[in-house]
């Protein structure tokens, strides 16, 4: 389990380029920050109102009011800057975030995403996710490939959508998939799995890239 | 124009059934002393506008737990299970709004705008019942302005004219709400003399602030 | 991400026919060193977006006098008789926009909004050719977002990550334009080390700024 | 002439109440600041981006970047605060300005105002006037009653409008007139003139208040 999350986070980290402003969702996406390659300087945006977020502080060194969008204490990198929520989402909606990484309940081959509610069951709310997915230049869904054996990568989402046709890349422990005009293309495969394994775990129609690369982390 | 009030004087203006904007993001930047006072006074049937419903023991969430809220307009409720429980039981109405849209709606309410056009929520249930406008060939949702009877804010430093300086991520919705309510009351962590906040560094001009209560946490 | 450039490097990106946003209000907060360089380089057919056309010898007005501007989108031209002369002679196109509308249009361009709804200009010639939307029983004009190829800004203090601190009334349109152009270049009156501007007091986050030129007046 | 301007400015000053945020237009309206009654503390807003504007500095004490919307050096009052142009007009459009005082080329009995252009002749632009007139709670036109003997207070404006039905009060050297549902009501008369004098100098239909008060300054 932890190994799966680590694989996903490490692979996502390779998508990020020097100077990118990146928003990492709560949970698995947060781990991505631990695996940024040497020499790559990314700037983390936190939608509660700042850029230049650093890692968690040492115990006892927490600063009041210095928390991330999950309410957890963080630190600051040199050059950090704070702003109000309207400016925070001007950054997000205005295309100033190079990439947003977030989880999904479902994602489909058209790039639709559902990650904010299960009617009659779980309605946590969309928070900033709808704006992030609409506004970020690149939307990366980072998640385990299936949920308790059930496919999450579908022909068409059945849950209420977060956004329509905004997902660019799906990264799971099994591989890397891109949403393209021709459909959902499997670009890379984790050598621990076969194409048949992935097809079996995916409801969406997968187009297999040729050549199909190994997913290295 | 003497703006400094006791908490009793200030909170005495808040009546059953009023609409309140309350600053903060998961409790960071929320005027907890005002929440204490509202709980003590037992005002009820409140409509609350804020980023989220905090936690059961922190931020706006405490008013929910104490059953003083009849309607909440927020971007998420996931961190406070009691909000979800009351919603499912039909005890409270919850309107979920994308965070960036909520920020702009509050800003529009304070800025005399009739609303803003946003791509966020297009093709999702958020668009239900809303006007759409096509601009430069793209479709946008019309999101309407929001105002409140009272805005409750928290500032790190507040001078005697009501100028506010926020600390780190405690800024969030506070400066937006300062513009969008008929009565604006700020909790001052530290009350300073007029002039101690440099005019360049004022984050909320005192002209928006009606009352200052010393002694935020 | 090394952002510090010579004025030659930075101004080399500005080509004939481009659309420029230029900060300032009657020249206060206008990057005059950039104006000097544009005059020296002789780029022409520019579309200029700014609050006003300054004075014949100050601010944007100098580009007008030097006949480098084919179109100006501004809120007034009264302080620069040469703009009016060129307009009446058909040598320049002038689009006059209410100042508050212009500010919101630039902000919308940077914030990913499809525009804003404003009551300003209703029933006047400003409304000609514009869509109207009725919200909560009131009629508003739809004012569309504006963007530019390049924004030219001036900061009092700029750190090496591009974070900007403005002095007094030199702020005006600068922070809005910082969000609304493909290339953002700031003239630093004083270049400071990263961290010298407190993260709370950054007025334009460095993520918006592509290039810094030292040595504004 | 100077006496006329002084009379008008003094009478306007009496309209302003303690704590009011006021925007004074360029020219005659600026003089109003010199006649604010003792004990009345008004806050001047300057649309180029601040509140708390003070009088002109002594010669040699001018501060760079500390200028009003006309580009002239000013000083600051205690508690002043600076902001960008979007916030400046959020203040103006959002109803946070208690009163705006401005001049007119024409004003009519329905409260329409024309003060920004004369087609084919003078087109200085509207600057912030359209937003100010739409947004301020009270719009006071302060001007000489006639222009070179020609009436400026009309049945209906003939010049391009600045705003429709937004003027509340017209103050000239001859008297004080209010725009009311029943029409333009002469509330006060300068004892130096007769009602017949005013009627002769006014094209609009004047309703004479009963009792008609003396205009005292």
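Just so it is clear, A, B, C and D label the chains in written order, and each chain counts residues from 1 on its own.
Operating definition for what follows: a contact is a pair of C-beta atoms (placed from the backbone, for glycine too) under 8 Å apart; a residue touches a chain by one contact, two chains touch by 3 or more.
Bear in mind the structure is a predicted one, so any value in this text is a computation, not a measurement.
The chains in contact with chain A and with chain C alike are B. A count of C-beta contacts for the chain pairs B-D and A-B puts A-B on top.
Chain A and chain D have CA centres that are 55 Å apart.
One simple way to say how far apart two chains are is to compare their mean CA positions; for chain B and chain D this gives 35 Å. Mean C-alpha positions place chain A and chain B at a centre distance of 29 Å.
One inter-chain figure worth recording: chain B and chain C are separated by 32 Å, centre to centre, where each centre is the mean of the chain's CA atoms. With touch defined as above, residues shared between interfaces to two or more other chains in chain D number as follows: 50, 82-83, 86, 89, 92-93, 134-135. Annotation for chain C: residues touching 2 or more other chains are 104, 107, 111-113, 118-119, 166-168, 199-200.
Taken as a graph of touching chains, this assembly has some other topology, since it is neither a line, a ring, a star nor fully connected.
Those chain pairs judged to touch are A-B, A-C, B-C, B-D, C-D. Every residue of chain A that touches chain C in the complex is listed here, in rising order: 18-19, 21, 41, 43, 45, 50-52, 76, 78-83, 86, 89-96, 134-135.
For chain C in complex with chain B, the residues that touch the partner chain are 104, 108, 111-119, 131, 133, 135-136, 138, 140, 142, 144-145, 165-168, 199-201.
Of all residues in chain B, those touching chain D in their complex are 1, 107, 110-113, 159-161, 163, 179, 194-195, 199-200, 202, 205-208. Touching chain C in their complex are the following residues of chain D: 46-50, 63-71, 82-86, 88-89, 92-93, 122-131, 134-135, 160-164. If you check the complex, the residues on chain C that touch chain D are 25-29, 51-52, 55, 74-79, 84, 87, 94, 96, 98-104, 106-107, 118-126, 156, 166-176, 203.
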